[in-house]
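In what follows, structures are represented as structure tokens.
Across the two complexes that follow, chain A remains constant while its partner is chain B and subsequently chain C.
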Partner chain A sequence: MDLILALLAGATVGAAVAAMALRDVVHCVLFLTVSLIGLALLYLKLGAEFVGFVQVLVYVGAVAVLVVFAVLLTRGGDAPTERIANAPWSGALVAAAVFAMLARAILGSPSLGSPSPETPVPTLSVKAIGEGLTGGYVLPLQIVALLLTAAMIGGVVIAMREKEGE
Partner chain B sequence: MTSPDQIFVSAKEWLVALFPAALQPMVGALVSIAAIVAVYPAIFALTTVVERKLLARFQNRPGPNRVGIPFTKIRLAGFGQFAADGIKSLTKEDIVPRDADRVVHFAAPIVLVVPALLALSVLPVGRNMAALDLRETGLLFFFAIGASTELSVFMAGWSSRNKYSLLGAMRGIAQMLAYEIPLILSSIPVVMIAGSLSLVSIAERQSAVQWGVFHSWHVFTPWGLAGFLLFLVAACAESNRTPFDLPEAESELVAGYFTEYSGFKFALFFLGEYLGLFAVAGVATTLFLGGWNAPFTFLDWIPSWMWFFGKLGSLVLFSVWLRATLPRLRVDQLMDVAWKYLLPMSLANLVVAGLWHFTAAWPAALRWPLSLALLAAPHLLLGRGFQKRFGPRVYRYAADPRPAPANPAA
Partner chain C sequence: MKTYLLVSALLFSVGLAGALTRRNAIIVLVGVELMLNAANLNFVAFWRHSADPRVLDGVMFAVFAIAVAAAEATVGLALVIAIHRHFKSANVDDASRMKG
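The block that comes next holds the complex of A and B.
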């Protein structure tokens, strides 16, 4: 087994476990970020430069920052000590379901059936990804955009209600 | 004999050739890393003195002019100041608040400085002089790495357990989130027109000669000019420079998110902020100001790296000038500028860049006015909207909860 792969996978999984096990929300978020960066490095190791950097940009630059922003807005500077998850088995159930689905998809992948070293590694340029997103996969992209717009309008509506109350 | 333009490239090749072939890639990388780690902090040291001297001149006072070479009468006009500052911050006591989260408190300056140095590695500082040429994802790498700054600001502000630090961190994150969007959107036209995310090829593309004497810098097009101005405003905000220095507003928040840092960690925050400034200035230079290209072909004899660092230095001096000139914004004004002006304008600029791409065959006399009109119309409309908000000022007071005293005259 590849040493770099083992190190990256270990760090990613370890950080994910820490993100679940620690008591302080902020520590959990920081370990979650480490885990996401580990995933990005795994993508980079597989030669998927674009996906790796987008992972960092979106998950570290936006998702993790939004989570800490929410923590700042709601909790302030005091260190919380109570456990966050009150039903850990439900999380385990969801995780198992996601794992089963991903495992089924990966095991059913045609490239896994014939692992011949002669087949060239497919190189996917950023241009090809862009053409795919604006061509064949334009409908899923639009659906995701619609979902995000709906979420944003929902957020604005919630904020507006509070203002009316004053 | 190599030309002065390629002097550093050949020096590196000569140095790498001294080692056995197996070690050469690693030595080459180490030489590039050493150059980045040496050059940019040196510029930082110089900038701190120049900034203090310039600010002093703007405020009609002499500024630092004493520190020279110790035990001699040589003053160097105060340019020994950075060495004195460095020694001072190295020898100062490192104070960590008792309630602070020690691990996060320790990690925050590292999370700031390391990505800032990484971001500098993709800048092409001269012809054939980029430490890291990511052909597919250069600009994306830069923005992805820059995103970690926000995390560092949060870590510093939260782990200090200090209300000023926390307020500074909140302001910092809100500001960086808001201004990151116009920053990225205003650089997208360049990617659209150049057809590449690689900073090296974007810089090379601008060495095409126009009308016999000009190098075709992107700033000499309508979308390039608008994009450059939008990028400059957003970059100022991203690097927390005045007038966008709310996260560390010293008159309101002590020093914002790094209030509780002292000694060398404070110096690291300082270094990280300036490295971030150099990084955005370098990207602005590469995207819009022609990178390492001279403005005119008859100035091509000046080495390309001199052009790059000259432009970078000019942008840094411009930010010092802004700092001395403009007052700090209020938080709501800050958000208004980002979401209600910069964001719509950068979207309009995307449309103009598309128009520019598809009308390549049109005469310039038609293309230019049309593009400028498409940019001027939203600018004027948005400006009108702002002016309405800046009408007569309305003062609002808290309602007096006590009943009004009975009037004895009635």
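The block that comes next holds the complex of A and C.
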């Protein structure tokens, strides 16, 4: 395991832990952004450049800003509560059990056991992805377009102010 | 390969712990986003170490999952804002009535 991978993995997981454990919601969102950037760098390290840049554009650029907006919009009425979590130990226990199960499956898997000879990082051109999106993956692309339109309209309708006097 | 899978499993567990225990609805959504990202990391890692990386399935899965996660975040945050307007709180425990 090389150093860059270790650093990236540590930063990503550490930021995720901080995002889930900190008390201030704004700090949580900032650490979420750090974790998402770390994930984008992991994608780049894996050779999936397009996914890495999409991750930066969509998650860091759009979703993080959206979450910050939601945090600021929902801040007003909340009194700062003493407890930030319900039954934190049982939740952590469940998560630890899930991780133990996953880690056991990963470490015990025979097909992952033999370390494959380090293949060169595959070059995946954006042209190939574009041809895939307009060729074999055109139906999922259309469905995602429809889903995004529906989600946008739905988001506007749900968040619209309720009519006065209803 | 195993390192990526372990990182992904760790991220998933962290997101699960947060989604299960936190009281702020926004942080619950953040936990769900972390779990989705863990799945994406698995997709890309398996694509990278597949027999033929020219087959685009893993990358396409990740890209579409990112798009769907963006849609999910939009609707989820709109719901949080609507709930906050109604209950004057972003706390998931306060929104326990199904009747408005």
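Please note the rule applied: the second predicted complex is superposed on the first by the 113 of 166 C-alpha atoms of A that agree within 3 Å, B and C clash if a C-alpha of one lies under 4 Å from a C-alpha of the other, contacts with A are read in each partner's own complex, and residues count from 1 in each chain.
Just so we're on the same page, a contact is a pair of C-beta atoms (placed from the backbone, for glycine too) under 8 Å apart; a residue touches a chain by one contact, two chains touch by 3 or more.
As the structure is a prediction and not an experimental result, all values here were calculated from the model.
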Practice prompt. For A:Thr33, select first, second, both or neither according to whether it touches chain B, chain C, the two together, or no partner.
Written response: first
Worksheet item: Between chain B (first) and chain C (second), which does A:Gly130 come into contact with in this model arrangement: first, second, both, or neither?
Response: neither
Worksheet item: With the two structures laid over each other on chain A, which partner does A:Ala62 touch: chain B (first), chain C (second), both, or neither?
Response: both
Worksheet item: With the two structures laid over each other on chain A, which partner does A:Phe53 touch: chain B (first), chain C (second), both, or neither?
Response: first
Practice prompt. Could you tell me if A:Leu72 is touching chain B, chain C, both of them or neither one (first, second, both, neither)?
Written response: first
Worksheet entry | Which partner reaches more residues of chain A (counting touched residues only), chain B or chain C | C
Practice prompt. Under the contact definition given at the top, report the residues of chain A touching chain B in one complex and chain C in the other.
Written response: 50, 54, 62, 66, 69, 71, 73, 77
Fill in: Touch list for chain A against partner chain C, complex
1, 5, 9, 12-13, 16-17, 19-21, 25, 28-29, 32, 35-36, 39, 42-43, 46-48, 50-51, 54-55, 58-59, 62-63, 66-67, 69-71, 73-74, 77-78, 81, 83-88, 90-92, 94-96, 98-99, 102-103, 106-107, 112, 115-116, 119, 121-122, 124, 128-129, 132-133, 137, 140, 144, 147-148, 150-152, 154-156, 158-159, 161-162
Worksheet entry | Residues of chain A touching chain B in the complex | 26-27, 30, 33, 49-50, 53-54, 56-57, 60-62, 64-66, 68-69, 71-73, 76-77, 79, 125-126
Worksheet, complete the sentence: Per the touch rule above, chain C residues touching chain A in the complex are 1-7, 9-18, 20-24, 26-27, 29-31, 33-34, 37, 40-41, 44-45, 47-49, 53-54, 56, 59-60, 62-64, 66-75, 77-82, 84-86, 88-91, 93
Worksheet entry | In the complex, chain B residues that touch chain A | 101, 104, 134, 136-137, 140-141, 143-148, 150-151, 154-155, 158, 161-163, 166, 169-170, 173-174, 177, 180, 197
